[in-house]
Structures are given as C-alpha cells and as structure tokens.
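This is the structure, below, for whatever I ask next.
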Amino acid sequence: MLSVNNIEVVYDEVILVLRGVSLEVPQGKIVTLLGPNGAGKSTTLKAISGLLKTEDGKVTRGDINFMGQQIANGNPEDIVRSGLFQVMEGRRIIEDMTCVENLRLGAYTRKDKGVKDDIDMVFEYFPRLRERTGLAGYLSGGEQQMLAIGRSLMARPKMILLDEPSMGLSPLLVKEVFGIIEKINRDQGITMLIVEQNANFALKVADYGYIMESGKVVLDGTSDELLNNEDVKEFYLGGGSEERKSFKNIKSYKRRKRWL
Amino acid sequence: MAGFSMRPCGDFRTTYRQDTRIFDTTFVRYAAVCGVIATGLIPFVLDGYYVNLFIQISYFAIAALGLNILVGFTGQISLGHAAFFGFGAFASAWINNHTGIPVLLSIPLAGLMTAAVGLLFGLPAARIKGLYLAIATLAAQFILEDFFARANWFTGGSSGAAANPVNVFGYEVFDDFSFFYVCLFFLVVMFLLGSNLMRTRDGRAFVAVRDHYLSAEIMGINLTKYRLMSFAISSFYAGVGGAIYGHYLGFVSAEGFTILLSIQFLGMIIIGGLGSVKGTLMGTVFMVMLPEVMESGVSMMSVFDWANSTAVTDGLAYIKEMAIGLAIILFLIFEPDGLAHRWKQIRAYWKLYPFSY
Amino acid sequence: MTSQDPILQISDVSLVFGGVRALSDVSFSVQPGELFSIIGPNGAGKTSMLNCISGRYQPTMGSVSFKGQNVTGLKPNARAELGIGRTFQNLALFGHMNVLDNIMVGRHHLLKNNFLTGSLYWFSCAQKEELEHRRFCEDVIDFLEISHIRKATAGTLSYGLRKRVELARAVALRPDLILLDEPMAGMNLEEKEDMARFIIDLNEEWGMTVVMIEHDMGVVMDISSRVMVLDFGRKIAEGLPEEVMANAHVRKAYLGEEDDVTDEDEQVA
Amino acid sequence: MNFELLFQLLLNGLIVGTLYGVVAMCFVLIYKSTQIVNFAQGEFLLIGAWVCYAFLVEMHMPFWLGFIFTLLFMMAFGVVLQMIVLRPMIGEPIISVIMVTIGLSIFFQAATKWIFGATTATYPQVFETRSVNLLGMQIETAYIMSFVISLFIMAGFYWFFKYSKLGLAMRATAFDQQVAQSLGISVKTVFAMSWAISALVSGVAGIVIGMVNGVSSGLSVIGIKVFPAVILGGLDSIVGAIVGGVIIGLLENSAEFVDGQYLHWGNLFSIAPFYVLIIILCIKPYGLFGTKDIERI
Amino acid sequence: DDDMVFVGHLMDITGPTGFIGKFYADGVRDALMYINTHGGINGTILDSESIDYAYKVPQAIANYKKWRSRNEMVAMQGWGTGDTEALISFVARDKVPVYSASYSGHLTDPTAKNPKTAKPAPYNFFYGASYSDACRAMVQWAAEDWKASGGSGKPIFSHIGDNHPYPNAPKEACAEYATELGFEVTSPVVVSMKPGDFKAQCLTIKEAGTNYGYLGNLGPSVVSLVKSCDTVGATPKWLANIWAGDVETLKTIGDVQNYVFPAMTSFWTDEGVPGMALVREISKMSDSSGEEFRTHHYIRGICSAYYMKEAMEWAKENGGITGENIKAGMYARENWVPKGLEGVCMEATWTAEDHRGINTVNIYNGSAKGGEVTVTKAATVTLPRREDWLGY
C-alpha cells in the first residue's frame, strides 16, 4: 500500500537527515518503526505525509508511493485527502478549541453523515474526554494525547501514521491504546505505520518492524524475528529472556550497540 | 544530526573564550576590522552623496538595532519606534540648547531620557502581549507625536526645534565629511555594545522571554523586569539614533516621526532578520538604499527622450513608489527569514562544501 | 519518617479551575536527598502539583514550603533563586537558541553581570564571569552526553534530545530540588537507562533532591525512594515503591489490573 | 453643560463608530483565520471606493449594479492577491507576512494614485436625500445603510466561525498551520476565502466612506484609525470589533465635547482613544472580548 | 557645451501633498524647460533634475546633498514647509538660494531681526504672500464684510487646521491681527490633515457660532470638513489658505457658499492679461494641445521659476551664476515682475533684511452648486510691511 524507496531528506537546504530509507507497508497490516532519539523516525513520517514542507525540509532523492501514486514532496492536504493521516508527535491539538471541535476538525475531509456517531465512538474509547468541556489547551498531557489519537480516527483514513502514540500515557492507557489500535486495524482494516519507543507493545501489535539509526534502516524483519533478535532484546525490550535488569544498577557506562 | 559543525576544519577552539567571540573565526574578526577601516575611507573615495547615505544608514541602524532588541530578541512588537527616535532628537536638542551640555554628551543623555520615556510606555508590557502590545505601542506613537506638536517648551511645538551641530573639542562638525566619523564612531560603539549585550546574561534572558516566557520565568528570569528593560534599552538606542539624526539635520520637526517611519524601522529588522545584530545592519542598508536605487533607476530612464515628458516622469514617480512596495514583497517571498538567515546558509554551504549534505 | 526537616512540605493543597478540581487536599513532604516519584493516571493532577511547587499555579488552598520557608505566594523566578529547578512535560526549551545558551539561561540567577556590564563585556567582570559559568555548563553537557549538539539550535533537535537538553538546563540552575515531569517519555529502553543513570547521579552525586513524575513503572520502582499516587486530584497512596505497588487500589486505578480492592489496601492511602 | 451638543456628539459617535466597527471586522476576519494583521486594510477600502466610483462615474452604472459589481470585483481581488502574494508566504513567520501587507499597502497606495489620480473625487448623488434627520441630528443616509449592512455581516460571521466547517478550519489554520495541513485542511483555500471575504467587506466600507467624504488616497488612513477599535474589542472577536468601533466612536466624540467646551487642548478628539486604549488594555489585556492565550506548561 | 548650471527641483507628486504638489511642480518644470528651450539664462543652460521626495524630509535632505556634491547646484526649487525649514541652515551654509512653496512667515526674516525668529533664513525665498499675511488680508476683508453685511456685535473668528507646521504657520499671527481688528477669536479647532468624518468638530464650530473660519488644511481634509459641516448645519464664511483655494477643491466639495480664498497670480481663465500668453506657451511644454486647464498653483510655480531666472541673469552679469550672486540678484530690483509675465505675477520686492516678496493679496469669493463653480473677486488688500510682522 505504501512503499518508501531509498529517500533522502534535507532540512533547510543543508542538513541531511535521512540517508536512503526504504520501507514497505502492506495493505491492512501494522508496521512499526523503532529507533533511538534523533534517528529520523519522525522525519520519515513527515516525509510521507508531506508535512516536511512546512519545516523547510525536502525529499531530495527517492520516491514515495501510496496506493500507486507518487506522493514525495506532495501537498499535505492532498495526501490527507487520498487517505493517509498522520498523528504528529507531541499531541498538537488545537488548544483554543473544545474537544468536540477538535474531533470535528479531524473529520474535515469527510463528506458523509457519520461524524456524530464517530465522535461518540471516540468518547467511548476515551471516556475522560467527554467530561472535559473546556478548551483543549487545558487538558492534561495524557488527555491531549487521547484527543490526538481520537482525532485521527475521525478522518476514517485508509492509513494512519502514528508518531509515538503511547507517549505520556499511563500504563493502563498504553495497554488500552494498543488495544484500540489493534481493534481499529482489525475491524476497519486501517493500515498503520507506528513510530514507537515502547518496543514491547509495538512489536506485539505489529506484523513487521524496522529499526532506524542515524537516518538509515539498520534492521528489519517480522515482529517475531525482531522480538527474538538478541540485540533488539537487549536494547529495546529490556533483557527479554534473562532477568530484567534494574534501572538502579546501570551505573557504569555500558557498551552501546550501534549497527553502523 | 547536523548543524553543529559549521566552522572550518582545522580551526579548533581551545578555550571557551575563543568560543564566545562575536566574530567566530580569526578571519572574520580581521575582516570586520578591515570592514570598519574601509568604511572609514568612504569620504576619501566616494562623493558626498554616498557619505550622506552612510550617515543615514548609521543613525537608522542604531535605532533599528534598538528595535531589534525589543522585537527580535525579546519578542515584543513595537509600532512606536519612530516616536522614540523623535524623542531622542528633541531631547538632545533641548539638552544642548537649554543647558549648554556639549552635543557629544547630550546625545547619550538624550538616549537616557528616551530610555526613561520608553520605560514609561513599556509599563503596560508587563501585562499585555503580542499584537495587543503592538497596538499599545501604536498608541505610544500617536501620543508622543501629539506631545511633540504640543510641548512648545520642549520641542518648539509644531514649528520644531533647532539642533546645534556636533562640537568635538571646540571644532564644529558642520560638513558631512567630519560628521561621517562621528556617525561611524557611534555606529561601531553601539553595535559592539549590542553584540556584547546579546551574548551575556541579560541578552540571553531577552531571548528566553521571547521563546518561552513561561519556562523563562521558572528558570529564574523576572519577566516584568526584562520586558521593561528591553523597552528601556530599545528606546535608548532609538534615542541615540534620533539624537544623531537631529544634530545632523540641524533641525528637528515633529512631522518626521510618523507611523510610516516606525513601519520602516520594522521593515529594516524584518528584512535583515529578526534577532540578528548583523541582520539589522543589512536590513537598514536595504531599506535606505531601496528608494535611492529606484530613484537612480528612474533617473537612468531620462537618457531616453521619450522618458522626459512630464507624463512619463510622473508615471515613473509612481512606479518608483510601487517598486519599493514590490521589492519588499518579493524580498519577503523569497527570503522570509531575512538577510541574516541567507547569510548563514551561504556560510554553511561554503564551509561544508564540497561535503554539503 | 521525619528524621530531618523536610526540604519540601506540601500541606493540604487544593487547586480548582473553574469546575475542574485538579487537586484536592494533597499533603506530602519530601526529605532532603530523596528521589520522590509521583504517579497516577492521566489527568490526575500530577503536573498541576509540580506547577504549584514551581510557582506556575497558585494553589486555591493550602501551602507549599521549601526549606522551611513558606513559598506559596512567591513568583516562579523567586523560587528558582531559592533552588527549585524543573523540566516540563510539554517541551519548553528556548527553540531559537542553541543548546549551550539554553543551558546558560539556567545559570541566570547565579550570574551577576547585567545589561551594563554585559554591554561593556571586555571592560567589566562580565567576560570572566561568563567564561567561568560556561565551564560549569560544559560539565553539565559532558555529564549528560550532549556535547555533540552543543551548538545546534534547540528547536531542530529530535524529541528525545530536547528532553535531555531540558534536563541539562534545569541542572545548570544548580537547584537543591529538581522537579522532573515525565523525563523518559518518548525514549527507548536504552535511552531510558541512560536517563535513569543521570537521575540517580544527580540525586546521589550532585546531591539534588528529586521529585519525578513518570509513567514507566519499571523506572519508578527501581530508582525511587518513595512514591505517591494521585488519582482524580486525590492522594490515594504514598510509601515505598513496593508498598505502593502492592496496593490493589493503585493497581486497579493505574495499572488496570483487575484485582479486587480490599479494605486493607484502602488504608495505605 | 450643553446637553444638546453632548447628545448630538454621542449620536454622531454611535453612527460613525459602527463604520469603524465594520472596518475593524475586516481586520478580525483575517486575523482570526490567518493570524495576520493586515496593514493594507486601508488600501483595500480605498480600492473598493475607487472601483465603485469608476463603475458609477466612468461606466455610468446605476448604484445598485455598481455596488454589486464592486463587491464581486473585491472578492476576485482578494483571491488573486492571495494567490500571487500571500500563498508563497504560507508557513513563513507571521511577522514576515505582516510586513508583506505593509509592502502591499505601499504598492497599492502608489498604484491607486497613479491610476485614479491624487485628487479627491465625489460620488454622484446616490440616495434621494444625502442626510436624514435622526433625533435632531443630521446623519448621512450612507451611514444608515452601512449600519444595517454591518448588522447582517456581523450575524453572518458569528454563525460562520462558531458552526460552519470552514469556519472551524479557519480557526485551526490560525492556531497552527502545520496541524491544519495535517488534518487535510487546505491552508490555501482558507487563506483565499478569508482574504476574499475581508476584501468584500472592505469594499462595502470603502463605498460608504466614499459616499460620505469623497474618495481620495487619504481615505486609507481609516485603516490605522480603527486599530484601537480592533484591540479594544479583542483581536479575534467579531462582536468585539463592532463594540470596539462604537466605543471608539463615542469616545472620540465625547473627547471632542470635553475639549471643545472646556479644555481647549486641540486634538483630544484623535488622541483620546489611544489613552483610553492603553488604560483598558492594562485592565483587560485581551480587550473586551478577545480570547486569552492558553498558558499551560 | 559646458555652459550649464544645475538647479535641483524637489517635488511631491506621490506623497501626502502630491495632489496639489503636482500642479505646482508642473509649473516649475514647464517653466524650466521653457527657459532652456528659449536660450536659457542668456545662453547658460539650466541643467535640472526633478525628484519626487514624497514629502519625506530625510529623502529631501539626501537629494539636496547629492545635488550639492555631485552637481554643484547653484539654486533649488523646493516644496514643503517641513523640508524647507529643515534645510535652512544647510542652504545658508552652502549659499544655495532655495525657492520653495512653503509660504511660512518664518522664512521671511533673513537676518533674525525680529527677536522671535528662531533661525535666520538668508537663502530662503518664495514668491507670494506668506501664510500669515494672506490670512491677515482675509481677516481685514472679513472685518469690512462683517460691517457691510450688517452684522452686529463682534464677529467670531476661528482657526481650523491640524497641529502641523503648515496650518500652524499663520495661527498666532492671524489671530493676533483679528483681535486687533475687533474679532472675537475662539480657541483653534484641530482637524486632521487626513480626511475623515469631522462632524464632531463641526458641531463644535456650530456651537461656538463661528462667523469666519480660517481653513488651514488642504485638499481632502478640507473637502471632508466643509461637507461634514454642511451636514450638521455649521456654515460660517470659510477663509481658505491658498492651497485649499482653487476651482478643483470647490468642485469637489460640490455645494458650498462663501468660500473665500487668496490668490497671488491671475487665473488661467482671466482675459486681457498680457503675461498670460507666455504662461500658455509654457503650459504647452507638457501639454502640446494647450487645452488643459491650469490652476493658479501652476502659475505660481512659473513665477517662482522666473524670479529665479531673472536673478540668475543678474548674477551672470555681475560675477557669474553662483548662489551668492543669485541671492544678490534677488535684491537688485524693486517692485519687480519677470519679463513677459506682466499681470500674471505681482510686483515683488526682496531686500537683504526682508524676504516678504509680496504684501498685496487678491481675495476671491467662491461658491459651488452641484459642482458648478463661480468665483468672483472680492477685494485687493495691501498690507503694511510692519516690523513686528517680519518673520512671523
């Protein structure tokens, strides 16, 4: 459904961030993208959704193909209209509107009548939001995250790009959110590309995963392969089979795994 | 992971002192000194017209730097800068005429007086932000303009006040040739002071207030104090610039300091680049040269016979005005972040070349 | 528990926004040298609590005292001078400054030079002072391993790096009490480990008292000396990490584990 | 105290104030959807006034036809302007965009002078009677017309921003263009719409002013004159714009009363609004109806 | 050939006073061009450059300096009060005579003889009665008009205009004389130079019962004021300053009675004026059809250029065309009308101590009905050259 071929991204005409990233998201599947801070995960998503443009960034090489269409350096609004929706990192809700208004905006590209029902659906997923009638800017961090995810559901897209959906959510909600992701994927058949730090959950719901570092994909494989990869276990999953290390005891400078 | 190594290889700093320099490489340092010396030679090589342009650039640039400290660094838009500029001009003339303090001293004193007035009009800034503040400063503009036309004791009312020429050690600086050096002196001093300010504690506090005032406050910055201070400092610069302007013209009249000039000041700093000391200078050069370049473009037309009829010359006069507007628009379309930004990019490009990307 | 005078004492703090009760009668105290964690579901009032401590919000009722001094009415900047530093949940860096300057802003209240001496740089003590403090900032940078981005513009950094710079900025304040709002959000395991190490070092080697909000239970359990749980603005539990985790009420409200809640558990709160 | 004079002045303030309100509304419209303060507002009015004049005088159209044509022209003008000048600025720093509007103002000021001349022109008599007597005060008929029109426009906008999808999209764009784009909102369309509507409303105001005072390049000063009204009402409040306009109108006129009868300072009329503006802002930093910035951390 | 001298010409055609500045500037330009095509200054060609400075003072100064340093300018034709007053010291130092269209009384005292003069203006000249003198003349006329129309009690006089050097120039001088003549003078009414709705000020004027209102502003501002006043029923006799008094303005106002204004030249349409032939020839420089109507501002521009021309001629014969000699040339004759402009420009006299070139003012009474304008001559007033009126 989506294929990214060997793209290079440059910010501000001089700063090269992605150095040839390729990935593939098949129809109806969940794919996850993992990697350390600054690897270029968010940049990859923005390159796909076209939002790069708004940050002085540009895809300088390679192409991005969404359902048979070239969308590299396309207009974000056209890309959304063609059914690809990104939930941006850091919540990014419209602070001076209410929750309901935010949700209605999510459905901006839709023409059908089901908006009301979908708002109820979102409220069912996140009951906390129903009670918050004030401006969204006053919501707590986690509440804003719920709203951002809810908003993406409103668009009923063909594919959602999620940038760190679990960030700032309580463990209970993280579980729920991943549950919802799985459910949406299953029930509505929406394809997903998820950038996550919580590798455990991400790999559990995903079918396939990529690991990025310094602007390159360094490892990829089915979730099971990745879950069983020793390096992934050590650096993303926290030990895996062995006894979980305590955060308290990591006092020494450890060896860092770098694939490059 | 880029953006951190934008200096030539081989030039490693070994002390923090080197790292905090205004001009970040030895080469640039010498280039700047040479630039100042070269500028100092202008009156010997170029004619009075260019000398006059330089003088205009310097007093406007000093005032514009003040505005940049307020708008670019502290993030408080002001639409009343021309009024402070004017206040400085009147104040210096007044000090000099009424107390006999020599002009060279009355200029900074006028700056201080203007700073006090700026402080007064900055008071609302403790509570008002953004465009609301901008319009409040617009009020300052009109209130001060009204004051100029009314305060006979201070400004000579609507007929204006005479301003004596600068007097350096008993030598009257009448002509542009010598006045040029007075301007150059003030320009260099004020820009060095400004650059220093911006790389030390209070300068950083200004930028912090602009970028995120809530977290700035939690980092220990007293918002009210810094908002007011930036008004005062900005007005100080405006006052000094205005005072130089006044003594240069020899005459200060209330008409000169309208909202149009305020807008022009804003234009200088936006075109130069908000929050850039260097950019301020570039922007001022741009705004001062623009009408002149357009004008000479128009005069150039007069070699053609058809361009000498009044109908055409009048049309050209409008076209010139339109071209000024258009130049600003086009400039911002292609260079919305200002000249300073482009300058940085060019430098980055050359430093990374041939490894750009 | 009160072997020493607490460095931070919260007494009956309530905070109301219009109809929303963000905090109701929360009291707790933090001893010097502790690493105190606050956990709780989203919207429980954790960030609001930090805001009351750092001065962004004025509690509707109750008081906050720091090192024995009542600071309830004090402005945030005054509290910073007393030695309270913090990081933010929604990043609040100075986006257009470079990393180094961001950190230098943290030194603000420790620097003496002002606009006059600053402008006269070479002719005043400003230069010497700047350079001295610069040295300290470099130490912080080395410590947090961000020296490679020292000159990068903060606004262009990736999320995780920004969090780290924020921490550096707060550390540069040299606070006695540092408040961390979800320092590990958006980090992978490896980075969390690093972060945990930094926090422990700050606590143990730099001698800072830490109050931290975090959702990653692994981290909270491992490194905190005491944990408080908020839910709907109320304190529902406080104690050693193991005690708190054993509390069924907490497990249900926070972790979503469906153990039955017994009366016994309620009493811990 | 001369109550009759005071009463007449206040009535005058009310009427003139509504006109300020209409112009203020044009500002608010653009601001609400793009965060841009349009410094070329005065020139928009001027263009509207001149174009209508051209339709009426040069092309001898009846008033209502010229009026409609002018509105159509203004809409097209807004859209084209947006396409050529403002579209490339999407996503750029707001302050640069504001500066662009200043450039536009310089450009159009010169262009209109060139095309239409620098002298004042008078509209042909449009209404049977140039002014009507209202409670003992002569009021220009054109003002009554603008009063009625502005009420309609105001109600329309209120609904628009509160309930329509495009209205929501405009607010979202104003808040954060990047997010708006990520939601599939075409920032271009939003910009085009808001500039078109604002230009249209400006056209109405320009025609009214032209009918009352004649058309001349100086007409554009009203663009700056209404700033206090805009701010007083709150930059992003449609209702506030009208209320602010009326308040400024009343204020000017009562200042004239105090000045003319007692103080004899001279121009309290034009300066008083600014004093009051500062005072009001110190008490209410977001004007009377403006929405507060959300300050959460 | 190099027998050329340079004359700078500052004009405002695109700026705030452009609508009137254009008329005057055209007069100056056409005259300069005509002079050149008809032998120049006895063979010396006037190299001139006309620059539109849009009433921006710094721009004016920059151009002045450019001309000084590059073109060795010997004389300048200027425009506004703002720039002329700003340039006073420069031109005095550089010895460049300036002929401006600023009729501010402050420019008429070359030696600061009057203790009130702030700055002597030895190199400033203008052709015409100063704003103060023109106003005094109209007030003198008004005093008689009041008696003639059977008014009882003291007539009431008000100054109406912006707080700006140009409307203010005659403010005190005129009010003083009005009081002297038995008027009751109200406090001045301030009306912005920019057009707007002035009903509020008109209500004040109505309330004050003003019989004679001096209009200090010009153009659109005056048009809006008169219309607003008409709406609220305030209809004093208007005494307009020279720039606000012309057929164009009256036509734009549309409907007005008793609009009195001064003039210092004859009008385009006047019959039997010998000098008008030359004016029409000059007009053809920019309008070859010779059809275009010219305001008296245009004609004043011609006079200004011609007095300069003749002073230059004198200078050429007495040591060469330099600024100093041109100045001396201005003093060389008395009761002086440039050759060929008889009946157009009035007899003028400048002396080293008194730059009030003219002290005679023609006063006209204009009215308009539905855009149809009628203008009739009301009086000719010759004022005494009072010492205390010098430079004031």
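Going in written order, the chains are labelled A, B, C, D and E, and every chain counts its residues from 1.
We adopt the following convention: a contact is a pair of C-beta atoms (placed from the backbone, for glycine too) under 8 Å apart; a residue touches a chain by one contact, two chains touch by 3 or more.
On a predicted model such as this, the values are computed, not experimentally measured, just so you know.
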- Message: Once the contact rule is applied, which chains count as partners of both subunit B and subunit D?
- Response: A, C, E
- If you tally the C-beta contacts, which comes out ahead, C-D or B-C? B-C
- Relative to subunit A, largest Cα-centroid distance belongs to chain E
- Item | Computed distance of Cα centres, subunit C from subunit A, in Å | 28
- Note on the structure: For the pair subunit B and subunit E, the C-alpha centroid-to-centroid distance in angstrom is 37
- Item | Euclidean distance of C-alpha centroids - subunit A vs subunit B, Å | 46
- Query: Residues of subunit A touching 2+ other chains?
  - Reply: 12, 15, 38, 138
- Query: Using the touch rule from the top of the page, what residues of subunit C touch 2 or more other chains?
  - Reply: 56, 88-90, 92, 156
- Message: If a residue has to touch 2 or more other chains to count, which residues of subunit B qualify?
- Response: 1-3, 146, 150, 214-215, 218, 318, 320-321
- Item | Full enumeration of touching chain pairs | A-B, A-C, A-D, B-C, B-D, B-E, C-D, D-E
- Note: in the complex, subunit E contacts subunit D through residues 13-14, 16, 18-19, 22, 162-163, 187-190, 192, 194-197, 199-201, 203-204, 207-208, 219-221, 223-224, 227-228, 231-233, 248, 252-254, 371
- Query: Taking the complex as given, what residues does subunit D use to touch subunit B?
  - Reply: 31, 37, 39, 85, 88-89, 92-93, 95-97, 99-100, 102-111, 113-114, 224, 227-228, 230-231, 235, 265-267, 270-271, 274-275, 277-278, 281-282, 285-287, 290, 293, 295, 297
- Query: Can you name the residues of subunit B that touch subunit E in the complex?
  - Reply: 47-49, 51-53, 56, 146, 149-150, 156-160, 162, 174, 176, 245, 249-251, 253-256, 291-292, 295, 299, 309-311, 313-314, 317-318, 320-321
- Which bits of subunit A are touching subunit B when the two form their complex? 8, 10, 12-17, 38, 60, 214-215
- Query: Mind pulling up the subunit B residues that touch subunit D in the complex?
  - Reply: 71, 77, 123-124, 127-132, 134-136, 138-140, 142-143, 146, 150, 214-215, 218, 259, 263, 266-267, 270-271, 274, 315, 318-322, 324-329, 332-333, 336-338
